[in-house]
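Next come the structures, one after another.
Across the two complexes that follow, chain A remains constant while its partner is chain B and subsequently chain C.
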Partner chain A sequence: MTSWLRARLPILLFMPLLLCVAGVRAAPAVLVVSSEMDGAYEQVANAITRELQLSDPAAAVDIVSREAFRARSLDGIRTIVTIGALAAGEVILAAPPMPVLHTLVPRETFARLASSTTRTGDSAIFVDQPADRQIAAIRAALPEWQRLALIAGPQTHELVAHLARIAGAEGFEVVVREIKSDRELFAAMQQIMSRPAVLLAVPDGEIFNSHTIQNILLTSYRQRSPVVGFSPAYVRAGALLALYATPAQIGKQAADAISSVLNGGRLPPPSHSHEYEVGVNLTVARSLGIHPRSAETIKSVLNRREIVE
Partner chain B sequence: MNVNWGIRSRVILVAVLPMMVLAIVLTAFYMSSRLADIEDAYTARSTAFARQLVAASEYAVFSGNNDALQQLAAAMLAEDGVVGVMVMDRFGEILARSGKPASGIGFDKGLVTTSLSVSAGDTLRIIEPILPTRVELDDGLSAAVFESESAWQMPPVLGKVVIDLSRTHIDSKRAELLRTGVLTVFVVLIGTLALAASMSRGVSGPIRRVAAAVEKIGQGQFSERVPIVGGGSLRSLAEGVNEMAAELTSMHDEMNRRINEATAELRERKEEAERANMAKSRFLAAASHDLRQPMHALGLFIAELSQHKQNSNRERLIEQISASAEAMEDLLDSLLDISKLDAGVLEPSVRSFALQPIFERVAGAQQSFARERGLELRIRPTDQWALSDPVLIERILGNLLSNAIRYTPAGRIMLACRKRSEYLRIEVRDSGIGIPADARTIIFQEFVQLDNPERARDKGLGLGLAIVRRLTDLLGHRLDVRSSPGRGSVFAIEVSAGAPVADSPESSQTRTPGELTGIRIALVDDDPLALSAMNGLLRSWGCEVVAAHDATTLFDLLIADGRIPQAVICDFRLAEFGTGIEAIRAIRARFGSDLPAALITGDTGPDVLGLAHDAQLPLLHKPVRPARLRAILNRLITNCD
Partner chain C sequence: MLTLLGCALSSSVPAAHDAPSEAAFLGELPMVLSASRLSQPLSEAPGAMTVIDRDMIRLSGARTMADLLRLVPGMQVGSRSGYYPLATYHGLSDDTPRRMLVRIDGRSTYAPYLISGTEWHTITVDLEDIERIEVFRGTNASAYGSQAFMGVVNIVTRAATDSPRLRARINQGENGIRDRNVSIGQHFGSIAVRLSAGREGDSGIPELHDSHRRQRADFRADWQIDHEHRLEFHAGMVRLKASIGYESDYDNPVRPLEHRAAFGQVRWRWQPTPDEELNLTVYQQETSMRDGFRVNVSDVVPIAPPQWYVDVDYDNRIRRSDIELEHTFSPRTGMRMVWGLGYRDDRLRAHQIFHRDLIRYHSGRLFANLEWRATPQWLVNAGIMAERGNYSGTLLAPRLAANYHVSEGHTLRASVGRAYRRLTPFEHDADMRFYEANTGILLLQTAQPSPDVRPERITVRELGYRAELAQRSVSVDVRLFEERIDRLIRRDNVATDPPPLLDPRAQRFFSDDRATVSGVEFATMWRPTATTWLGVNFARLNVGSSSDRAERSAPRTSASLLAAWSPARRWHLSLAHHYVGTMGWYIRESQSVPKQRRTDIRIARSFSTAELRGEFALVLANLGKRDADFRPAFKTPRQSYASLSIEF
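For the complex of A and B:
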């Protein structure tokens, strides 16, 4: 017994040290804070983990909910990734010392959050598509359509004005109508689509929501006008066209940014997603008697245009 | 449970009761569940109408297309049971209206977010909110985009649809269901009853066969047997009944045998008694005949003797002999009357007659007897007429008066008549010794004398009331006795009142005897003593008599005489010619069929009476009283004239 102990004593004495070294090596360098733990949020988180494993197998990723983040020690964290606007707000409030990459936030939201703090070095990948890309997509898909209709709510008249400006520059005849509630929606649509026009939906929950979209689509259909949305759900619901980034595309872009931080670099500046998808509902097109270009054509046209720029 | 129920009723009850309960319970259960189903289905259908209208009108409400809404409402009105349709916007303003929506049913003017159904009277109102169709835009990514607006959850209500439906339809369905249910129960009940009735026949049949057999055995058909079917107690019951029937048969046979034996013995005794009775009757008749012959002769001799002048001593002696002979004759007359009445040959001759003459005659006849006994005999004068046989009534009253005089030691006797509606009550009252209550029935028996244990001759024979009773029975008159011992008696007969009629010819009894002078009479009697006595009597009345002891001799005498007789008196029993009836027939054959004739006999038997009656010949019983003989002769000759 004594000889057994004497033979193994050195190992027993070194064991805590060994464990300590292993702990340092296993500490996660990346903390992902997600607004929700399911749906698109989960897909983005998974994409980040997956992509990071490919580019930097040593990097450890820890995914927590925003509630868990409040009690979380930030020791050993090199960078933080937030998914969703709620997680972004939570993390900005906590003001961690390391750089933060916000994903899955609308551009408007990020601008508002960024203006509330003095932090620098943070970055973001916006969930929405840039206005010029959207206008260009419409032009690419429906080159013969000249009229573009826009409806602005109380929250979105700036965005709508921005869009109208770009569309005007692109040569569209833009019709804009501002309304205060969805009750004025039908009258506004009747007015702006008195002649067929492409209705570009904007992310205003008070106007474009799951309860109004049916009647919006129905009205525009009766006015022989296509609707352009901003998510694949719009295309499924009956919009002719939608431009959107998938969680995988956002996750990959985020992983790339994190990699550069882990390798001693800095976060790239806030930007829209570099990669995106174009959804086209051909059934709606047939119903309206429209012949849009294919999604691939539109994408290639847009790619060419962005490379030129 | 009623213990008087028969097997069939019990079997039917056992079969029907559970079936009834089951039928009622099941019908009630299924009907109630069916009613609930109908109600639910109706509500569901109504709600479906409302939802259909909501779906159809959503866009029209969204787009404010009231014309389209009006069309939809009108179309909805065409649906069965819909009486009114309204479409309202979110502020409760009516956008379209069709039919006649009920105004009485209040509902919130404000927004409704869920379906409501209100039932009032015969109207069912469905209120359905118009909610925009929800198209799922939340694919995660969109939600991320609109994260700040994600609290926007409340669906914007566009308005509401109100549909009024009439409950008449469902009510009529309910009524029909109820009718069907009741009819079903009824049909099941009838069916069950019929089934139970036929089943109970099978169950109760053997027992009822036993009951029927027992009933027949009870009625005396001991040969009846129960067919043995089945087993158990049914079998032992049938066997027991059969055994009982066999036992009863043997007992019955035994009893019959004994009864037959006893009956035979009784019959023998009865025949013996009858033979004895006949022998007695023969003896009585013979004795009566043989007694009457000498009495008859004696009477005639006395009558003849009294015709001759005698000294006073002899006359007194003759009177005493005459009185004794008369008492003897009375006795024989009474016996004869009784035997006549018992023979039933007396036929009353009913007619209307005045009572007063009869009263007078009867009282007159008894007056001297009453005076002898120191009694006062009175009649109350009456002008009533009675409907009866006057001769028999006279006899009854005579007997009653005579009876009253005998049993009244002092005081008076009254004969009176009272009118009682259509009846006359003829009463004989006395102040005599009276009759004890326990003796009032036996006084009417023969030879019963209440106050004559020594059977003194002067107190009568005890036959008077027996004759009275026989006569009142014959005439159908009620005989009534009221009496209290020591204070007297009242004997009363009730006679029908008669109507007065013109005076009938005077009775032959009132004829004077002188008229018989010179009458030529043929007389036949085989008894020389009687023949001689009768001959003497008739001759004393001045008659010319041709007398013979038989018919042949009479013929010879009549032929020798050469004159036709005016009347024939013939004895009934003749040695040569058989009976007097045959002799009279022979004489009539010779001297004319209308020759008056009369029979004399000493027989009191009913057979002689019957024969005389059949031959329509008056019959005189020996001893013949001279007065009666004269009366008969008078009547015969008068009728002949």
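For the complex of A and C:
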């Protein structure tokens, strides 16, 4: 008996600890629901895991696809993070009792999702950049340019109106064309770019997509006019400038927000990413004969401005 | 059941379909303005360049591509006939200029067929579908091969995605001008297509029988396979029906001529990164000409038996196949390398010209150019082309150029280069014999083979200065040059064997002339907006040569004044005045063209509705006194016309 006990004592002593560890693994505190499991989505998820491990080593993260989420038990989950609009829609529909942080969603999409429920306490980190930051970036990068062109599609007339208001207040001469489909794009571009202007692209898949981007960039280029985009792909394609948050930056900000929930606090209010990148295509700038300020200068101007505000 | 439930769930997800998704922020896009697609900043080009962009094309009122080349300093433009323009850079040209290369989207239009050069009327693209024309003034054989011996004209057409859904244009005017052009553009998912077609023509030069009608069709499809791969397909065809010959010439009588040309081209582009691009271009083109007539020998030689005649048969058919691979990449920061290889095969069937059924003219090429941004001030370009083929063996064309940015907006450049011009089949193998049809007697031989002729060699030294000031609205470009051509080919009539009955001599080519073209070109333009400008071009040329024809082949002085502005909303005015000093198209002094002046004015009013844009224009071409631009007796007609164009 004694020998039996002696042999098993370590196990008995460590049993509660083992149970505890197993318990944590079985019911992680944070559930990440992702619209897709690769690319930028995966990078956001990885950044959340990585950052949480640094700030909150005890917190466990489980990453599931939105399909797997439907069958997933929520026992022990203290907060849910969604990545992408589809995951956000899925989770809102399930109406979980814990606070949800939506990441990588456009601001407008989050607004519509939020208005469709009575939930409170949820939050978001938007994929897009705030309108005033974008306008300020154009001002900082291209101080000599006064004319700003915007094309609004069916998904984006509110956003474009918002951008136009802010640009107008910043002293830009704003020209706006509203179109219903990409069939009207050629004519709209001819008209709006009849004089050189900075064309600010908006995330309207109907108007600005991989099929229409040629027309947009070539027409602007011909008018010796720069295009300002909203993703690194735009800068590669030929836009002069783009402001965007990287998946790692969004993931890090999400991890910070989750930490506060795990420590008994609440999610911070919905916001754009605090950190972001400024991409500048110097080849295009040189060919256009434009000398934009460097990405670092633009960022420091924007940072100063945001601190003042 | 589960699937149904899944569908029900997704459809009730509040993220409605019309709300923007994050996909737009995350998706890849094709590289549109890649380094190879962008026009190189002129301050960084390894030589002097003139760029004629779309606004300049439209506002010039030009009806032909060759007309546009009047805007290039140092270029001479004439008309052998109403449909056969001639364009040469720095003279040295007879009635078939062949020392300059014209390319359209990478496709050479150089026809090394009969006497060679560019047959402008076989170009199928509409002027309105041209994105820009880049003229490199000076030899550019290191980049484009030996046919770019004294210059190259690169025509870049608009992408198919960049076309209106419908465009129509009508020109109607004096001297029989009647042009009808229509173009449609459509998208099918990731494929964009453009089809344009037209009928064009006029009555030509009043002193000649050269009225002509041209029908053309041009097709382009761009398929963006994914963000890295792209396939472009071009095809076109043209049919020219013209009148040719002189009333008084029994051996070149007035007669109809028909010329057809067609091509197909496929280009695959792969752009894995902004700095790297791989292009594979394959094309085939075919031209055919029908031109035959009978000469009664007694009309030319009264003592000949009346039943003697000669059937002249200039019919020909030429097929070209070409393949080229070009790779652009950045071996390290500050360096850009373009290298590639290609092969071309021309098959010529023109029995009357070569006294043979088939001539093959083929060559392979290997080229490389390294652009090295040594410091922010210094840019060095080193390039070489090796060409190997029949007729000329291996030819090497190296070039070294350096650009020094003195200060913001001011660049000095210097370059040295050497190139060879590959012999054309005509120069080496022309053998034009005319036999009497009944007896088989050789009556006349107008050209005999020239086995000893060798490729011409050019050595170029130049200095340049380019300024771009006031946010690039003011530009100044100066080119100081010396172009030394050794073994300049000349023609002479010498004895032939066996001696023909009527004349024992036949034309033959010799490589024993030389010429040095030196001078200065100056171009300045103030262009505050895309459609407002005031510009002056000036060229001073001096040709020193062992041949007096070469010495007279370029004007001492030529100058242009160019202006365009918008006096009121929707109104556009443009004006071009050109002066060209006395010159001859490689001909005896009595046939030199006296100094010429030409004024073109265009007045246009644009209009638009929500859907439709249009313009009505009046082009007053060659106003004032009529001057000649090819032979003193052929005066360029006034060709004013009205134009209406609409697009949506």
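Basically, the second predicted complex is superposed on the first by the 284 of 309 C-alpha atoms of A that agree within 3 Å, B and C clash if a C-alpha of one lies under 4 Å from a C-alpha of the other, contacts with A are read in each partner's own complex, and residues count from 1 in each chain.
By our rule, a residue touches a chain if its C-beta (ideal position, glycine included) is under 8 Å from a C-beta of that chain, and two chains touch if they have at least 3 such contacts.
As the structure is a prediction and not an experimental result, all values here were calculated from the model.
> After aligning the two structures on chain A, examine chain B and chain C and state clash or fit.
The answer is clash.
> Figure out whether A:123 sits in contact with chain B (first) or chain C (second), or with both, or with neither.
neither
> Quick check for you: in the superposed arrangement, does A:84 touch first (chain B), second (chain C), both or neither?
Once the two structures are laid over each other on A, A:84 reaches both partners.
> Report for A:43: first if it touches chain B alone, second if chain C alone, otherwise both or neither.
first
> With both complexes overlaid on chain A, does A:203 touch chain B (first), chain C (second), both or neither?
Once the two structures are laid over each other on A, A:203 reaches both partners.
> Tell me which partner A:134 touches in the superposition: chain B (first), chain C (second), both or neither.
After superposing on A, A:134 lies clear of both chain B and chain C.
> Going by the contact rule stated at the top, is it chain B or chain C that touches a larger number of residues on chain A?
For chain A, the partner with the higher number of touched residues is C.
> Contact-wise, after the overlay, does A:230 reach chain B, chain C, both or neither (first, second, both, neither)?
Touch status of A:230: both partners.
> For A:219 in the superposed arrangement: first (chain B), second (chain C), both or neither?
Both chain B and chain C are touched by A:219.
> Would you mind checking which of 75-83, 255-263, 381-389 or 597-605 on chain C runs into chain B after superposing?
That would be 255-263, the only stretch with clashing C-alpha atoms.
> Of all the chain A residues, which ones make contact with chain B and with chain C?
39-40, 84-86, 104-106, 109, 127-128, 155, 182, 186, 203-205, 209-215, 217-219, 230-231, 233-234, 237-238, 244
> Going by the contact rule set out above, which residues of chain A touch chain B in the complex?
Listed in rising order, the residues are 35, 39-41, 43, 84-86, 104-106, 109, 127-128, 155, 182, 186, 203-206, 209-215, 217-219, 230-234, 237-238, 244-247.
> With touch defined as at the start, can you tell me which chain C residues reach chain A in the complex?
Going through chain C, the ones touching chain A are 6, 9, 12-16, 18-35, 38-41, 44, 53-54, 131, 158-159, 161-165, 185, 187, 189-190, 192, 222, 224, 227, 274, 468, 471-472, 529-530, 608, 611, 613, 648.
> For a test of understanding, state which residues of chain B touch chain A in their complex under the given definition.
Residue list for chain B touching chain A: 58-59, 62-64, 131-150, 152, 155-156.
> Spell out the part of chain A that touches chain C in their complex, as residue ranges.
It is residues 39-40, 67, 70, 84-86, 88-90, 92-93, 104-106, 108-109, 112-113, 116-117, 127-128, 144, 154-156, 159, 182-183, 186-187, 190-191, 195-196, 203-205, 208-215, 217-219, 221-224, 230-231, 233-234, 236-238, 244, 281, 283-284, 286-287, 289 of chain A that touch chain C.
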